[in-house]
Amino acid sequence: MPAEFKIRHAVQFVETDMAGIVHFSNFFRWMEACETAFYRSLKLPLMSFNPGKVVGWPRVNVSCEYRAPFRYGDTVEVRLLVKEVRTRAVVYVFQFRRIVRGRPAALVAARGEITAVCVQDDPASGRMVAAPIPAAVRAKLQVAPAKAWAR
Amino acid sequence: MPAEFKIRHAVQFVETDMAGIVHFSNFFRWMEACETAFYRSLKLPLMSFNPGKVVGWPRVNVSCEYRAPFRYGDTVEVRLLVKEVRTRAVVYVFQFRRIVRGRPAALVAARGEITAVCVQDDPASGRMVAAPIPAAVRAKLQVAPAKAWAR
Amino acid sequence: MPAEFKIRHAVQFVETDMAGIVHFSNFFRWMEACETAFYRSLKLPLMSFNPGKVVGWPRVNVSCEYRAPFRYGDTVEVRLLVKEVRTRAVVYVFQFRRIVRGRPAALVAARGEITAVCVQDDPASGRMVAAPIPAAVRAKLQVAPAKAWAR
Amino acid sequence: MPAEFKIRHAVQFVETDMAGIVHFSNFFRWMEACETAFYRSLKLPLMSFNPGKVVGWPRVNVSCEYRAPFRYGDTVEVRLLVKEVRTRAVVYVFQFRRIVRGRPAALVAARGEITAVCVQDDPASGRMVAAPIPAAVRAKLQVAPAKAWAR
């Protein structure tokens, strides 16, 4: 029952802008890449298309705070922490650190947050509606201690 | 002295994902497109490279709240509102509405916020440092009334 | 029965890279944006999801040749020319020119090409298969003269 | 003196489009990611900013041929092959294969090509001009046999 997960990402040339640093919008792509790898590690699909029972996690709220820039050549550690598990939603915190000599720097260079709502296919209306998180998913999510994500 | 500005954007195919809706990360590209057009309308560069005096607006905080999805074929109105002008920073609110029969729908389908800090080239250190917003820029920014952006 | 179409696009900050110019991958987004606007002008959907009869245009071959860079602040004219209409495919050429004092420069700064195949839903197999271009679409596509696209 | 290099990439949600497959433009991002990792493995910077001697590799020609789609959940092998080393340019071929049970499938699902020109800072004009590939770089590039990339 993991409460956190991390990946490493080498900054790509296309992710930089003319100011010479990573464009701020890419941090959201990295958060989702980490979330995808987290679900893969849990053997859970981030989105499933079982006939008659689509399950997905649309985002209702996202944010990011930037403290220090990343540059081409940097390797970034993206750390996901489960902040909160509600009946129909999960809140993740993401911490971004630069890898220096093989290890993540102490400084959290950026900090993101995503609130994702669990939706399922409603056979009656043919629409996606918010639904309780399936028990199999819930069983695999553990909330991280506040001291881990409150930075 | 404008306090708001708006653009229209036709949803692109590449902006959709396999869930059939616009991927959440694109809203940040749209906010910046609106900000760029706003500065262009003011005859101000969003980023200037005058020798010895680079001025830019790195983001320190961004967020977005999603209430209804956009789909391929939709045209979106992106409305920028100046929420706050500080000595060294500006806070913008962005409202996203779907265009229906030529006019923006009443529903704000998404709402974003960007805090951008004014930075200038510091000849002494050779680095970018936070700096007071140039008077020429400040003179052109007016804060919108709270009732306009508080939605 | 148009053989060509054009749009204008203001270069976005996110489209630049640390070399200070537009990243080459964005030209393919611009080609598709022009194709989308072209189909919209013809009152044809680029992709349609009529139940039991999905029609789409996956790409089988794309290319781009770069002769001069674009920068932030530039406005680009993207011109689509219909090069070839086959039974099951269309070939488009795209020419990119910088707008100088309100008009496209003589220089073609980049030149792209897309071969798109018409596919339809095959009820028997449940898969997308190459299919003859619907008559309603074909009737609206005219091939441009070689002297127009051979640059 | 390597003539080829490969990376693996897990398809990201943001890379899919409403047709449920990876959008064609992403293959160019993957090519560049592979090229970046190749140069990193050679201990060569893909772009260097040594004062007074910037070296970069702008693209003059790129293309991609698509034979089979990739989907979310797929892992892709991107294989770079050095097709040609000219005085001032390098031509790479890229082969994309799906990983099945830990190994690349026989089918080349897509095939790309990039021609990159070596440029250097010209102190006289202050512009980037095509220049002979530095000896240190050239010494590390070996051309792959035609039978490897001619697929």
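Which chain is which? They are A, B, C and D, in the order written, and residues in each are numbered from 1.
Following the convention adopted for this analysis, contacts are C-beta pairs under 8 Å (C-beta built on N, C-alpha and C of every residue); 3 or more make two chains touch, one makes a residue touch a chain.
All figures in this text were calculated on a predicted structure; none of them were measured in a lab.
Student: Would you identify the chain whose Cα-based centre sits farthest away from the centre of chain B?
Tutor: It is D.
Student: Between A-D and C-D, which chain pair shares more contacting C-beta pairs?
Tutor: Answer to which pair has more contacts is C-D.
Student: Could you give the separation in Å between the centres of chain A and chain C, each centre being the mean of its C-alpha atoms?
Tutor: So the centroids are 34 Å from each other.
Student: What's the distance between the Cα centroids of chain A and chain D, rounded to whole Å?
Tutor: One centre to the other, that is 28 Å.
Student: So, what's the distance in Å between the C-alpha centres of chain D and chain C?
Tutor: A distance of 24 Å separates the two centres.
Student: Which residues does chain A have that touch at least 2 chains other than itself?
Tutor: 13-14, 18, 21, 25, 29, 32, 47, 72
Student: Over in the complex, which chain C residues touch chain B? Could you list them?
Tutor: Going through chain C, the ones touching chain B are 10, 12-14, 29, 32-33, 36-37, 40, 45-47, 72-73.
Student: Could you list, by residue number, the parts of chain B that touch chain A in their complex?
Tutor: 18-19, 21, 24-25, 28-29, 32, 47, 56, 58-67, 69
Student: For chain D, which residues count as touching chain B in their complex?
Tutor: On the chain D side, the touching residues are 13-14, 16-18, 20-21, 23, 25, 71-72.
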